[in-house]
Amino acid sequence: MIKLSYKQKLKKVTTFIFDIDGVITDGVLMMHPSGEFLRNMSTRDGYAMRKASAEGFNVFIISGGESQSMRKRLEYLDVTEIFMAVGDKLSVYKTLKEKYNLKNKEVIFMGDDIPDYDLMNVVGIPTCPKDACQEIKDVADYISHYKGGKGAVRDVIEQTLKVHKKWLTKGQLQAN
Amino acid sequence: MIKLSYKQKLKKVTTFIFDIDGVITDGVLMMHPSGEFLRNMSTRDGYAMRKASAEGFNVFIISGGESQSMRKRLEYLDVTEIFMAVGDKLSVYKTLKEKYNLKNKEVIFMGDDIPDYDLMNVVGIPTCPKDACQEIKDVADYISHYKGGKGAVRDVIEQTLKVHKKWLTKGQLQAN
Amino acid sequence: MIKLSYKQKLKKVTTFIFDIDGVITDGVLMMHPSGEFLRNMSTRDGYAMRKASAEGFNVFIISGGESQSMRKRLEYLDVTEIFMAVGDKLSVYKTLKEKYNLKNKEVIFMGDDIPDYDLMNVVGIPTCPKDACQEIKDVADYISHYKGGKGAVRDVIEQTLKVHKKWLTKGQLQAN
Amino acid sequence: MIKLSYKQKLKKVTTFIFDIDGVITDGVLMMHPSGEFLRNMSTRDGYAMRKASAEGFNVFIISGGESQSMRKRLEYLDVTEIFMAVGDKLSVYKTLKEKYNLKNKEVIFMGDDIPDYDLMNVVGIPTCPKDACQEIKDVADYISHYKGGKGAVRDVIEQTLKVHKKWLTKGQLQAN
């Protein structure tokens, strides 16, 4: 069997799955007096997530953490499946695979820490931010040179959409 | 036609237009339990914006995002036109051009991401922060060596006011 | 008497004690209008604290600062003893030693500033983040190459659990 | 007249005056939905301010900005004179000089931006953080290698108290 390179694999991608803390955010939890946590997201990552949805890709979230304000933001960004407070990420993934009739090779996942490990080993294209933990880096097909919450999400979306010729070409930009 | 350098072009400037997220802010959105986003600004950038207004320059905002607390801050800094939740930045720009009887060459604009692309290509002096996306950098006359929300805005204001001899000279400083 | 290396000492560890500001957090206090301070924690540090508890280690807090939202977070992470607003850290330590029948050599402590100095000199394994003050660095057995609130806590937990073969081996990861 | 070095000048110091934004804070204003701004301080800077007061030094604030939550924090740190929303810093300084019978050479001031310029030129020892604006750096006796809100305040306090043998010697530390 011929092993495909990371870039070749991107051609098959239909679906992005992201963890929240340390991937969509910078991994910082700010303790708010209300008892909820404040989290930091990047506007440029957000732009890419919405662009991916607009171009027909699935954008899903599977996260161990939980935040209603984050959920609202993700819905605004056209993320269609948002699973929070998840203990067993693999089981959620199997549900999504069935519902959307997905093959593993269509799925790019980005995680940053141990609870993402099992899912990293199942999806077709496991990726991670520059500041992921070592165990996750060891099993990633691609380690972004951007940190979580600071461009890693945009990086993989942009690469994928470029391979599919759905990122912004000059013509598209001017009609933006 | 002789092509003017960036510094020569600054002599014609009467008007600054800034995007908000990633330009006036560092591009971070912090999710607040109230559902609003918290955004980070720099006090030194703010000083420069107010100084520009005091010296008779127009300082305008055209932003895709929306924030009432940001609006209050911008009003305090003497920003006279603040357009938020804008889908079509070019159309807002045309309205402002008419209202203030502006020529493109009088206008310096700073953007950081794809929704700023069209406007970058129309104004006389398109600029961007160091951490703008690649498409924006490609069409900028000047890429600041400061990041968004961390000095990029002050950088272009300071350069312009210096060319106009309206930044702080030693004499002005002592009468400050 | 033979002097044990830092790694050899880790074999005896049963107990982690952490300061809060500058160790579990990045040392930033954000002034909130309510009068409380907001503090920043790392999700990856949090994962390690909970893992240590799950593997049977004591995880304690002795802090000069006070924060109810931080207390809730720490309880969620299975920290069993949380002392806040402490003036005399040494005296709290003596109480804990007695209650849990601890020997100094079983205890790894991480502090970052002068109020941690006395306790650094008593515990078996004094450690500190990369950005601790000089006086603390001078008496630390181990200076993490991570900053406070940005991986220093995880660093010492991970090192210790690896020595005890309780960090995540590949087999453990797949059964995670 | 012999020109004293920065270190020699520190021997005369009785009084610290600090600006807030960009000196005690990192210059970030976070827009809060309530309309107030959130600001970031360092716990290690705070420790030094309180230590300076405890050792008999005056610690004063002269700031253009205004924040009630910051005022509470500063009072907790034993800052005895807190002037906020100040337009003319020089005039406030003259009032303080008279009230405390100060000579210019006793006063160390740290500012970071144009509104601090006049006061920088009057006090005995003008200092600034690493990230101050160029005009302020040009007139500073000492430029800290730490940024505002990230150790610059502690740096000058620590240097001064060491010259006065009032920073923490090993003996003092153990009796801490």
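Read from first to last, the chains carry the letters A, B, C and D; within each, the first residue is number 1.
Basically, a residue touches a chain if its C-beta (ideal position, glycine included) is under 8 Å from a C-beta of that chain, and two chains touch if they have at least 3 such contacts.
These figures come from a predicted structure and were not determined experimentally.
When the CA atoms of chain A are superposed on those of chain B, the rotation angle is 90 degrees to the nearest 5. Two copies of one sequence, chain B and chain D, touch each other mainly through non-matching residues, since under half of the numbers at the interface are common to both. Chain A and chain C have centres, each the mean of its CA atoms, that are 31 Å apart. One simple way to say how far apart two chains are is to compare their mean CA positions; for chain B and chain C this gives 44 Å.
Across the assembly, chain B contributes residues 30, 32, 34, 38 that each touch 2 or more other chains.
A ring topology is adopted by the chain contact network, closed into one cycle in which each chain touches exactly two others. The set of touching chain pairs reads A-B, A-C, B-D, C-D, using the touch definition from the header.
Within the complex formed with chain D, the chain B residues making contact are 30, 32, 34, 36, 38-44, 46-47, 51, 67-70, 72-73, 168, 173-174, 176. On the chain C side of its complex with chain D, the touching residues are 21-22, 27-35, 37-38, 65, 112-115, 117-118, 121, 133, 135.
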